Amino acid sequence: MSFSLVAPTVINGLTMGAIYALVALGLTLVYGVLHIINFAHGSLLMLALYAVYFLHSQVGIDPYLAIPIVGPAFFVIGYVLQRGVIGRASHGREQTVLLVTLGLALIIDNLALYFWSADTRTLDLAYAFETIDLGVALVPVPRAIAFAAALLVAGLLWLVLDRTDLGKAIRAVAKERQGARLVGINVDHIHALCFGIGTATVAVAAAILLPAFYVTPQVGYTFVLVAFTTVVLGGMGSFAGALVGGLLLGVVEALGGLWFGESLGEIAIFGLFILVLLFRPTGLFGTKAA
Amino acid sequence: MADGGDAAPALLELAGVSRRFGGLLAVDSVALQVMQGGIVALVGPNGAGKTTLFALIAGFLKPDRGRIRFAGRDIAGLAPHLICRRGLARTFQIVQPFGALSVRENIAVGAHLRHAGRRAALAHATAMAERVGMAGMLDQPAAELTIAGRKRLELARVLATGPRLLLLDEVMAGLTPPEIAAIVPVIRGLADDGLTIVMIEHVMQAVASLADEVHVLNQGRLIARGSLAEIAADPVVVEAYLGHGAAAKLGGGTAGVGGG
Amino acid sequence: MVPTSPSAVVSNRVMTPHRLLAVLLVVTLLAVPFVVQSSFWLTFWTMTLLAAVLGQSWNILGGYGGQSSFGHAAFFGTGAYAAAILQVRFGVDARLAAIAAIGFGAIAGAAIGMLSFRYGLRGSYFALVTMAFAEVFRIIAVAWPLTGGGAGLNVPLHAGAATLQFVDRRGYYWAALALVAISIGLAAWLERSRFGAWLVALRENEAAAQALGINIFRVKLGAITLSAALAASAGVFYTQYFLYLDPGIAYGPGYSIEALLGPIIGGTGTVLGPLIGAISLHLLGRLATAATGGAPGLDLAFYGVLLIGILAFLPRGLTGLGAGVNWPSAWRRSRG
């Protein structure tokens, strides 16, 4: 193992980590406000990936241009899911919510398997193989876009939450649900809104991810664990945490793969996950312990 | 350990017990002694630190400083279940029944501390239920009980563990006057049978009927000790409840101290 | 998570609906090997019983103990792999390997339990950490030559009682039935024992349980160890039945989900819940597959619908039906 490999590995890890961060942003928002761990998050990502794929293969829309389509569409899906299914079926109990979202994941993952089969699908894009030369490493264009997008989306989410009235209402609900109700905030609506935003974020992540990745029905499960790890590592409910956590994880995985081989590189992620859960469950930037 | 003198050793002894939460000194150098037998009341305005003190004694919190001794042995910082096994048990201010279980099964959980066999535990549970007057509700789901019922259940359940000293945290809270009148003799009966009881109480009627001695806690500190009449007349106590200068305004404090 | 029905003391001579159901179940399950002719259906029922054992193992920790594990495959797979590895790599006698494998499962349970409970993990965090452990085990199984890596492990076919491989597939059915009986016996013991009372108490309210002298850590640890041992026994059965194992099967999400679906559908924290749940799930899954022409994935999607439906309308699971739950009003009452 030579040091000349470290730099490109780290850069590679950073760009992959940016993707993890993008995927995790929606999850951390949902946890921060609704205090639920959404097991269907990965499945929704997978669904969005297929949506972006079919928009390209059937309608010819470039994935990045598909964002204005899938974003709002998945916002609606997320809103309806929370308001109509999750919120109602769980009777407000934390354990039940976990299982309801697991049930959703089962449904979505397996319907995808049924309708679209297990074939791996990738996008055939002209610019997908172009790279940017950073001197120490070559970065594929889609990955570079992903990196920039992660920062942008995180920034946007933070802006909404911090500067808008809606954001204030959301933060109120997150901090003190009953109190928010008492001052007239429609908590169910805010919850559904947040879930919708979280789902829309994941759809945006999908549009950005697909050019650099692929889609199968199993992709959901693969990403769900990494997304959780990112969120727990960064701190539940913190966008900066999801960003930093994702980047850190990407680097850990890449370096782990470089030094220990690919399989054990994956273990590095989960090992880190377990360690964080045991010793610092609030994560790097976390505010609330479950 | 017991001093060689003529005084009996205290069953429960606190010395210099303090506990801080961030900037708040919740319990401030509390020292008190509870002798075996009889009922001691712990009163004070809301937020005085009474429940925190109970949590410290029962092991749910660790004191920052100080010594806590029960039956001659140090218990400060011990795990709650170990303290219960030694014979010091507590109830909770907000009652916590095992909702999915029946009354009998609830009490049996406590009984299992001293009875390994299921049948023996259930039998002991029945006996404890009778002691607190719940014999007719043994098969009811605990989740369906009224507040008064839950309080009695909490009492029966903790009694089943066979304690020597019982910490009762506002057992009268939420009870109507008839319910209070009904439960007072039960507690009196427990003390008569040899149980030592320390009770946090706001309901002065109960304190008057039950307590042999009253300690007053305010802002984490013990400010007075004595019979109910004595502490009610104490200007320091009056000020704690009614505010600075109240004692003077009331002319030196023959006014009764209202319930918190 | 879901309440048990209070075990009111009912005279032994009274035939309650629950008892009738139990009798029917026993009769049906005993009749299967004699009535069922096709090997397909024999396998179906054998697998259903396996699911019931796995479900009961989950039930001990998740139902009675209230600690929902989302990674029970970690224990199932350890039992399966240990049995396979001991026989294939070390030439250990099958029966010894089975017992040792259960031991390994128990150790895995104790280890994960010690870490998780020592650091106070509960609820969602506990669910997540169990998932993480299962995934770590899976990755190790992929990378480690001892387990045969990604290609998996084959156990050579030597049919005979000594190798715990039955010539007549019905032998497997009886073995599975025996495991089910043991698992039900365990649950029944839990409902009558001090340990079980303590376990349920800490599920209901940890602080109150501690205040009654219960050592929370030890009870949880005991529960997860017992649960893991039972799950490992299911894993051993899998190895002997299929004679092939790979990381995805052993440690993948499939059996983790299978472990919790049955008890939740049937009724967590009950003796018969996992069995009833397993039977219902597998029968309904079969129906779904048949109705749609055998396409992959539909039966699992259907399970997801069933799971949500039960959680929404029948939180006590199917065994709660006996309690006369009125569906629409229960829905309305529990909103918000």
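We call the chains A, B and C, going by the order they appear; numbering starts again at 1 in every chain.
The rule we apply is simple: contacts are C-beta pairs under 8 Å (C-beta built on N, C-alpha and C of every residue); 3 or more make two chains touch, one makes a residue touch a chain.
It should be emphasised that the depicted structure is a prediction, and the values quoted were computed from it without experimental measurement.
Ranked by how far their CA centres sit from the centre of chain B, the chains are topped by A.
The central chain here, found by comparing per-chain C-alpha centres with the mean of all protein C-alpha atoms, is C. Centre to centre, using the average C-alpha position, chain B and chain C are separated by 43 Å.
For the pair chain A and chain B, the distance between mean C-alpha positions equals 50 Å. Averaging Cα coordinates per chain places chain A and chain C 31 Å apart. Of all residues in chain A, only 36-37, 85, 88-96, 98-100, 102-114, 118, 188, 217, 221, 225, 228-229, 232, 261, 263-264, 266-267, 270-271, 273-274, 277-279, 281, 290 touch chain C in the complex they form. Chain C meets chain A in the complex at residues 1, 68, 70, 115-116, 119, 121, 123-125, 127-129, 131-133, 135-136, 139-140, 142-143, 253, 257, 260, 264, 292, 295-301, 303-305, 307-308, 311-312, 315, 331, 334-336. Those residues of chain B that touch chain C in the shared complex are 58, 60, 79-81, 84-85, 89-92, 96-102, 105, 108-110, 112-113, 116-118, 121, 139, 141, 143, 157-158, 161.
Taken together, the chain C residues at the contact with chain B in this complex read 3-4, 6-9, 192-194, 197-198, 200-201, 204-205, 207-216, 269.
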